[in-house]
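Common to both upcoming complexes is chain A, partnered first by chain B, then by chain C.
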Partner chain A sequence: MKRSRAVLAICTFFFLAGCLQSQVIDDISLIQTVSFDKAEGNKLRYTVFYPFFVEQGKESEIGMEHRSIISETPEEARSLLNTRSQKPLRYGQLRVVLFGREVAEEGVEQYVKSFYRNPRIGNRVFLSAAEGSAGKALRFKEGVKERIGMYFSDLIEHNMDFENIPETNMHLFLFDLYSDGKDAFLPLVKREDNELKLIGLGLFDFDKMVGTLDMDQSFIFKLLLRGSDKGTSQFAIPKEGGRGYVVIQNIFTDVSYDLITKDPVPEFNIHLKMKGEITDHTGEFNLEKEKDIKKIETVVQDQIKTVSKNMIQQFKEKEIDPLGFGEKYRSRTRNWKQKEWKETIYPEMKVNVDVNLEILQSGAIE
Partner chain B sequence: MSVKVKEQFQVSPVMAFFLIHAMQVGIGVLGYQQVIAKVSGYDSWISILLAGIMVSILISIIYYLLNHGRDDVIGIHKALFGRWAGDTLSFLFIIYLFILGIVVLRTYIEIVQVWVFEDLPTWVLTILAAYFLYYAVSGGFRAVTGLCVAGVFIPSVIFFILLMPLEYGKFLNLLPLFKTSFDKLMLGARESTLSFLGFELLLLFYPFLKEQRSSQKWAQIGHWTSVFVYVVLMIVTLAFFSEPQLKMTIWPTLTLFKIIEFPFVERFEYLGISIWMVIVAPNIAMTFWAASRGMKRLFPMKQRSAVIILTILTVVVTPLIEDRENIDTFNDIISKIGFWTVLVYIPFLCLCQFLAEKIRKKE
Partner chain C sequence: MNLFRRKRQYRAAPSSKRVSAWLREISENSKDVSAELVETPFGVLTLYYVDDLINTERLNMDALRPLKKNPWTSYSDIERIIYSDTIKRTTDIQEINERLFTGSVVCQLPSAPDEVLMLEVPTNVQRDISIPETEFSVVGPREAFVEKLETNVFLIRKRLPIEDFRVKNITIGELSKTKTSVFYIDSIADKANVNTVIQRIKDVEYDEILGSNALSQMIQDHSFTIFPAFVNTERPDRAAAALAEGKVVFMCDGSPEAIIAPSTLVEFFTSLEDYYLPWHIASFVRLLRLISVTFSIIATPVYVAVLTFHYEMIPKDLLSTLIASRSNIPFPPLIEAIFLEFTIELLREAGARLPTKVGQTIGIVGGIVIGQASVEAGLTSNVLLIVVALAALASFTSPVYQMGNTIRIIRFPFMIGAALMGGIGIAISFVFVVTHLIRLESLGRPYFAPFFPLRISDWRDTFVRLPFNVLYKRPHQSRAAYRQKLPAEKIGKKKDIDE
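And now, the complex of A and B:
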């Protein structure tokens, strides 16, 4: 009795395991990058990039293929693409989604939602916008082409981790997109001389791209957004008979927002406490002298202050709030109304920026 | 006509902690946030606390009822309402428990289908689960309790892992506190009560506890542990999502899993869903055990044959609940029944018991 039951159990497991269609990794194509562009009518040109492994010939040789199709929704596009691909296409390893400028300006919500809906796609996928056509930005000649899948996501990742791009991924984008007190942004890329290049950030009003920041603004934007311990930027320092340049690497920055008054208009004080290192300069400065360091500090402080103020002014004119003043205001008020905030309070809001830069080191030589 | 359970089948009062906690924390944890947040927004965690207090009182009421009735609910029904009416009520309660078990199983299978194997037919997992459940439940109450203990300890690691999404947490979301109106908080509390359902099984397993009166302490600790888990997870969720984003996410806990990344596993949700089986299994096993126990007390049959009948019914019924809509309807109905049972029927029963005692004393 006992034995027969055990046999029955084992058989059940055995036979039931055969009920599923298995998907062997060698027999599917994993899409790494997807790009969206406008096509004729209301349709989209949809391009996918996936690696393929050469079956014969040199071992561990990897190629990159792309296919593009015109369709209305991403999922339909995938199924249409499957009619033309050697192996079934799957989204499991998707790394980057790139929206062409026209698509980004018309609104990306439905596409991002389609990726969010799909449980096969991770939430750490990078979304990005392209200056110009997205599909063309990624179509490279032999040599570069092979690496574009990992290359693109690594490019965004290391710039986010060590340089001037603020932290971003699909989850954060969706958070900002749907938040009633903050607007979203995405890294912006451009193709230049057969190279893919990050050129800054695209700013969104709900799901439509309405403005951009360049790399230097992005450096300061990153500091203002959450504080950071990364990023490098060059500043021009006026000097007798011209200007000198210093490169400052951010070591640690702390940012705090104080809402000092709510009536009649809200007024924010932003304190930016920054510790930096001079990694390079054009030679006019004596870094041993307290006076020169002080001077650099003051000038750079003022520059950061001006850029920040201009940037915030620019946000207000475009009626976007990527720094999340709304969120901060919401957490301090009991009668929060998004509409009222966006239409009357935000454009009137006052912001003071106060920068405190401390230069800690200047490298290994005098 | 109170029943006495032989001591060798009883479990120590500490086990009340595991039984209550394991029954409360189940499939609901994967998606309760959305339901509550739809009503009480960023103040949802307060709603959960309110519900926690309410349920804690209800547990005391159940203990009052059981301590005074000196029997499980079936005996109490019989003593209060007589044979026919009492047995009919007990039978309805058993049907409720059985359907509860099936709904939990089907919901879990749905999650596996949506998130892991989209082409998995429902009956495959049903048969596997039924086999396992039969095995567990036929081991008797002590085996099911053991399963509950494992179902509390093994997944407890997950609780700490679920703190990891705080990497993207924004506690600014939660401020200012109490911005939701009081009636909305109460409505949210009503939704939260559903997450705590499961403790009503106490009505059936009470005679299986040693030192029944002193087990209330452990039952309450078990309940408050659940409250703690629910509140902390809710706060993590609220900090992680923006409000409209949360409202469109069906399984926020799984979406939290999605953001977690380890060097050795890129997508943690697949692991999470698999481990969740360990949380769900004691849940279903307990309802089946309780249903079969009830059948044994009502009808002249052995508990083993009751289990066999239930298992066969499960295999037949579960695959019949087909799509998202059906599952949702079933979940809705069963949680409504559960809600009214614990919130209205149990206090009513307690009142009856109280009055009956008064009358008896006078006589």
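And now, the complex of A and C:
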């Protein structure tokens, strides 16, 4: 009895193995980047980018192929594309999904959900929006062409890790999307002179893109969102007969939101405690003098304050809340009603920004 | 059918014959049995002995010279003249048979030809005590067991010069008459363990016992398992340490290995060097061994699984390396992996069979030339070559040779599992192995201890080797009669020099 059970178990193991479909990596094409654009009718132009690898010893000759197809849904598109590709196309190595502006403005939820549902695709895939056509933005003839799949995801990743783009991926995007008191955002890219570059953030109202932030705003947005220990930004400082500039690298920033009153309208105090380093300076200030440093601090503080206030005002006008005031309000009050918040409370809400910049150092020479 | 059923068993010499006739017969039948007529001033006597087994010098000194000087007439006179505690008078053919062939001289008087005197004068031919080969350690004693049981007993005994250290001798094997000794420390070792070992050894009915390792296979609890049941060692210090832990050690005459019972899985990955080195280093080395064993088993299967099923798991920076190295290989990953593993096994086996110097050359030639050539011919990918070579290297880290062999074999089911079902296949194989290990027993004691049954206090000497003041208890597994290694009041106290 025992032995027959063991034999049965082993047999099951072998027989069930037949049900599995093996996908040896060199027998499939791994899609690394997908882009969505509008096409005629209610259809979608769907472009996939996948690398093809040549013989060993000639790894430098890695090539990138792209194919595009017009279809209604991503899965249908994949199946149609398979009819035209040498090897079966698979999503497992997907890194970036790029939405053209038109698609982003019409709503991306259905497409993102389709990827989200696919167990082979990780939740940390980057989503991104493109200024103009997404497919064209990625179709390069030379230069980065070979590795566009890798190139694009590296571009977003290092900007997120070390520069001014706040952390974002599919999971965070969907979390913000479905959250009651917060709206989503995505990095925004643009094709410019045969170069792909990040130009800021796209702001979403639910799943539709309604506005953008440029890179400088994005720096401050990143600080306001969660605090950060990364990022660099340039600020203008007064100078005799024109403007000088100072570049401040963020060393550590802590942000705290205080809800100081709830009635009649909620009022938030945002404290931005920022420690920075001057990495570049073209003005007339003497960086060795405490007084001058203080002056720079005041000027920059005021600028950050203004930009923040304007940004929050812009959010209010667009009726979006990417900083998540709703979530903060909800966590500090009872009887949360999303509709009430969105329609009456949020537009009335007051926000004070208080920036405290401390410049710790200004380089090694001095 | 009768042909197959007929019981053929080795027959001992018939005891119905008369002793004198029997002795004459065997000296005629077998060239190496000498019958020598010795004339002395007091009479004639016949000596029977096996030439190569006895020490003729001692025979002359101890027996013949006194016999020529002192008057004698009967066996009792001789017994008095020859001063030896091994001298014995007998008429039993069975007994003569046993002792004649283990180095005794049979002395027969013409006046009483059916009664004989027997005197043990065995030769002392033996290999010198040499350095351990398979369990070499950089620090620590450089003595290894030899083929002679008495020397081995001495090697252990000198490490345990106490009355409590007991040696029990059992002779087994109808043909080989292998002398087997069972060692234990009476006040520490569990009685049940001692009795089980002695009982199992006594019950062995196999006629030719090749040695300690063969015997250990005959008396192990589960004969189908791939895991070795008992640790075997060629180091007397390890045997003594095991005895001090309350274990039972046994060894056969003629094999330079002692078997330690009961054993746990973890003991196969410990070396006595762990105790000679400082505990930090010992712990590091031990962890390294355990990790490398896991790596050795898992590495190739993971390669197969990832490349066959889980392409989404590959980090993006590794992707192009992996795909490019595989792009012109015509086989699925499993065949590729088995091909390479087979090559490595071939090299290992060929290296082990050939003389040392040729073996080394073969290793280098095979490793570099075959490896490189098969990559260039597009039969295997160079990534896999590295994985397989590393896994092979890692499998050598087990200090007990038998376990190294087990690890070498156990990779293949994992690999097939990986090729059939990917990660789930590896997981299923792993579950099979773990359940098997949980079920295994060594001398009726759990083999997978201290993980199952869970004995947290024994973990001090499992993954790591903590300092000696923490290792004050013998492991649970040996069921020692008393567990403390220190006087109870000293536990937990450490004297500093300047105190």
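One rule holds in what follows: the second predicted complex is superposed on the first by the 339 of 366 C-alpha atoms of A that agree within 3 Å, B and C clash if a C-alpha of one lies under 4 Å from a C-alpha of the other, contacts with A are read in each partner's own complex, and residues count from 1 in each chain.
Heads up, the rule we're going with is that contacts are C-beta pairs under 8 Å (C-beta built on N, C-alpha and C of every residue); 3 or more make two chains touch, one makes a residue touch a chain.
All values reported here derive from a predicted model rather than from experimental measurement.
In the superposed model, A:150 makes contact with chain C only, not with chain B. Contacts of A:313 after superposition on the shared chain: neither chain B nor chain C is touched. Legend: residue contacts after superposition of the two complexes on their common chain; A:28 is shown touching chain C, with no touch to chain B. In the superposed pair of complexes, A:261 makes contact with neither chain B nor chain C.
In the superposition on chain A, A:298 contacts neither chain B nor chain C. In the superposition on chain A, A:13 makes contact with both chain B and chain C.
When the two structures are aligned on the shared chain, A:53 is found in touch with chain C, with no touch to chain B.
When the two structures are aligned on the shared chain, A:333 is found in touch with chain B, with no touch to chain C.
Looking at the shared chain after the overlay, A:356 reaches neither chain B nor chain C. Residues common to the contacts of chain A with chain B and with chain C across the two structures: 13, 16, 20, 122. Within the complex formed with chain B, the residues of chain A that make contact are 9, 12-13, 16, 19-21, 119, 122-124, 171-172, 174-180, 182, 327-328, 330-334, 336. For chain B in complex with chain A, the touching residues are 114-115, 117, 119-121, 124, 127-128, 131, 168, 170, 172-173, 175-176, 179, 240-245, 248, 254-255, 258-259, 261, 266-267, 269. Chain A makes touch with chain C in their complex at residues 13-14, 16-17, 20, 22-26, 28, 30, 32, 51, 53-56, 59, 62, 90-93, 95, 120-122, 150, 153. The residues of chain C lying in touch with chain A in their complex are 307-309, 311-312, 314, 316-317, 319-329, 332-333, 378, 381-382, 417, 420-422, 425, 428.
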